[in-house]
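Labels run A, B and C following the written order; every chain starts at residue 1.
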Amino acid sequence: MRPSRVGKTLIIALKKDFVIASRYPFELFGSFIASVLMVSLIVLATRPFVPKAQAYPPDFILSVSWGGFLLLLSSSPLFELSVSLRQEKINGTLEQIFLSPSPKLPLLLGRALRSQILSILYGTCYLASAAFLLGGLQFNDLPKGIYYLLLGIPVFYGLGLVVMATTFNIREIMPVATLLQIGVAFLSGILLPFNLMPYSLRLLATLVPTSYSIDLFRSAISGTRPQLLSWMETGQAYLIESLLAHFIALALPLAGMLAFNATVRRAKRRGGLQQG
Amino acid sequence: MLRRAIPCIVSEMRLEYVHMLRYKEWILAALLYPVIFASLPIFLGTWIASGAEEAARIFAENVGTEAYSIFLLIGANMWFFMMTALWDFGLKLRREQASGVIEAVYLSAGNLTWPLMGSGLFGALQCLLRFVASMIIGSILYGTLRYILSPRFLVCLFILAVGLVGIYGFSFLIGSLVLRLKEAFSLLVIFQMLFGILMGVFYPVSLLPYGLAFVSYFLPMTIALNDMRAALLSTQYVYNILIDSVIMICQSLLYLLAGFVVLKRSERKIRKGVGLASF
Amino acid sequence: MGLYGSTTEPVVAENLVKTFHPSSKSLLFKNKTMTVRALDGVSLRIGQGECFGLLGPNGAGKTTLVKVLTTLLIPDSGRAFVNGYDVVKEPEKVLRSIGVMLTGERTIYWKLTGRENLTFFGKIHGVPDDRLRLKIEQIVKEFGLQSFVDRMVETYSSGQRVILSFCKSLLADAQTIFLDEPTISLDPSYAAQIRDHIKHLTKVERRTIILTTQLMQEADLLCDRIALLNRGKIVAMGTPAELKGSIKKEHVVRIKVSAKDGRSASIMNFVGLPNVSVTDAEDGCIQIEVSTSSVEELLPILFERLVAKGFRVHHVYVSEVTLEDVFNKLVSGGA
């Protein structure tokens, strides 16, 4: 499969999905409102735990601001990939996609990528609202943080592909996708930093592929040591987490693509692509 | 009218029951979601206060009870029911509109009101059962089972039952809007966030600015949520349980009536325009 | 190009078997499964420029066969080649060389306009941009889509969606085109337009069309050869004439004549043929109905005698064997 063909197909799919998205204007603008409301809810939810007339602790501000941003960013690959596949089945267009000689994954990724681009905008709106409500945005080493964030994106997509492959025939995908999104967000340190998690959960988090890039991102933003492998020395923890994050960023998308191709082949052998 | 309505309502309830059995994953998810929703403020709150004991102390200072995990669990459950009611009606109507079933339902039942009522009744029954199960799971997790095992829990359930009537009536209003606007998803997400804020899902409404707090008492769920906590955790009722119950019942009936009226008008307006199945 | 030359036989299928095990799958709970043998050793060869029809009752395996040949399904056993490419081992080459219209109106994006749908599907098929633009304009003009092609598909009627789906299959100018019930939901004028276009594609442009349809008259009109499927097997295959000739059926001849003296009995005696029924028609005429296995022998005798006796013949109707008769006999077991 030539990269230029993959790229061209991706652009065609992205264009199509943006045109469709533009036909839901309320949804496009409503999501900005939703991101403002989201941060308001989190701030209000934690207000009863702050003594009267006191401000929020700085590490809390850091965690909530960037945590929400990460949550919005990670939702596209985890949630949208499986849901968009289901949507194509419901629309009856999944078989049409597979009837084209173009690469199939880029055609299915179009919607998730469109959602990703929009979620960056919504995330930015979220950050701005958080900064307003919590009294400022905190970050230490932003360029390094962005690097680790970008490293995490292929990991999320790889995981999303594996999930898409596994849930290919599940009819009611919404509860599964939502639970997964929340579960991964929880265990990856998106919603809660690792140092707040019970030890048993932190051990479990080491098995979640997205945890490493998220922990390195948090570490860069907050200027603290990595929290996931907290029993190791700082230098050692950095090295191991960095190696693992890079390796997973390469391996997981590949594994996801292989899993997806195997699932499609299995579907063609069994009931067909529209089944389920 | 009753002779027509009752079979419609019962059939719709049976249909919802069959649907529920076909999507068994949802049953489990529905029990776990409120526990997961509550976990986030519990963890964050414990973190901010640097420990569970300190968190309980500060929470008691601000809210009037140390049992923050139960406080938040009740809120998370009510929020989930609000969301479920909104999504059930909003998306159900939208889905039926998209698939074309809505016209068939309308033609068979004579209107959309009775089928929606059946759907709402089933949803409300489900909510009651889910609340009990979810509260038991959450209480075991956070070591607060003694609250669930006390007789006050029954008072809490009674208040929930009254509050649910209003929730579903309110959902009819929202559902009508969805039928008109057609963009269900984003509208419902905004409503769910907005109601979460106004209802006081994770905090007492008194924490809100005066204007917002005033508005929030007009929502059917706010008083119910406040009073459920008051019954179980001995915090303050809005007035007292009797007056609050009367207000809730009036609000619930008002919302139910308003919901039906708006739905009927929307139905008529759409039929005059492009038709119910217009996607 | 291998053993199955694409220029002479664009579609070759050998002993295709496909079994389904339908069950409702959920994450936690599994339900009961059944076994459905959708294709049971199907073999066929379709020639270049042929319009080949697939007929059969619901659940016969027509759509399953189309999906195997268009690479959407992998057969359990057997081989199939489309334009010389193996459908299992070379699916992309197959897809590049065919056009497909699947049944149903939900195979296009409802939140895009007709033109946007055609553009999108043409592009992902690999049709170059400038050629695609011209092709879309040509299709719009030919099928009279100007009035709705720039509206969103969600505003279309069922027939308009079907037309758009059909047009989508023409974008790539493929030599082999699969059409799954192309005239369903269409009004007579659109249906006639599609049929004319299919005839043009096969007779003039020498493209190969594989057509599934429930309409016997359509298959009779369009198809050079037809395969009749039932429960996953081909029960009959041949030209429409061959298929019709394969079943013995009595013809019914109905003649309306002016009554000479109005008495049926005299007609009966006059005709002197067995299997005759005579009834009085509403307009004062008499209707004679005769069953015969040989119309060519009966008609001249009947006419001669009637005219000789001074009767005026107003109307003659001869029922012929139709594909529906073939279908009923071979599939339902009826006469």
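The definition used in the following text is that a contact is a pair of C-beta atoms (placed from the backbone, for glycine too) under 8 Å apart; a residue touches a chain by one contact, two chains touch by 3 or more.
Small disclaimer: the values here were computed from a predicted structure and weren't measured.
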Chain at maximum distance from chain A, centres defined as averaged CA atoms: C
Chain nearest the overall Cα centroid: A
Centroid distance [mean C-alpha coordinates] between chain C and chain B, Å: 54
Distance between the centres, which are taken as Cα means, of chain C and chain A, whole angstrom: 49
CA centroid of chain A to CA centroid of chain B, Å: 28
Sites on chain A at which at least two other chains make contact: 24, 170-172, 176
Multi-chain contact residues (two or more partners), chain C: 24, 26-27, 110
Two or more partner chains touched - positions in chain B: 22-23, 25
Chain A-touching residues of chain B, taken from the complex the two chains share: 22-23, 25-26, 29-30, 32-33, 36, 39-41, 43-49, 55, 58-59, 61-63, 68, 72, 181, 183, 185-187, 189-190, 193-194, 196-197, 201-204, 207-208
Chain A residues touching chain B - in the complex, by the definition given at the top: 24, 26-28, 30-31, 33-34, 37-38, 40-42, 44-52, 56-57, 60, 63-64, 170-172, 175-176, 178-179, 182, 186, 191-192, 196
Contacting residues of chain A [partner chain C, same complex]: 9, 12-13, 16, 19-20, 23-24, 91-93, 95-102, 107, 167, 169-172, 176, 265, 268-273, 275-276
Complex interface listing, chain C residues touching chain A: 20-22, 24-27, 67, 70-74, 76, 92-93, 95-96, 100, 102, 104, 106-112, 116, 120-121, 123-126, 152
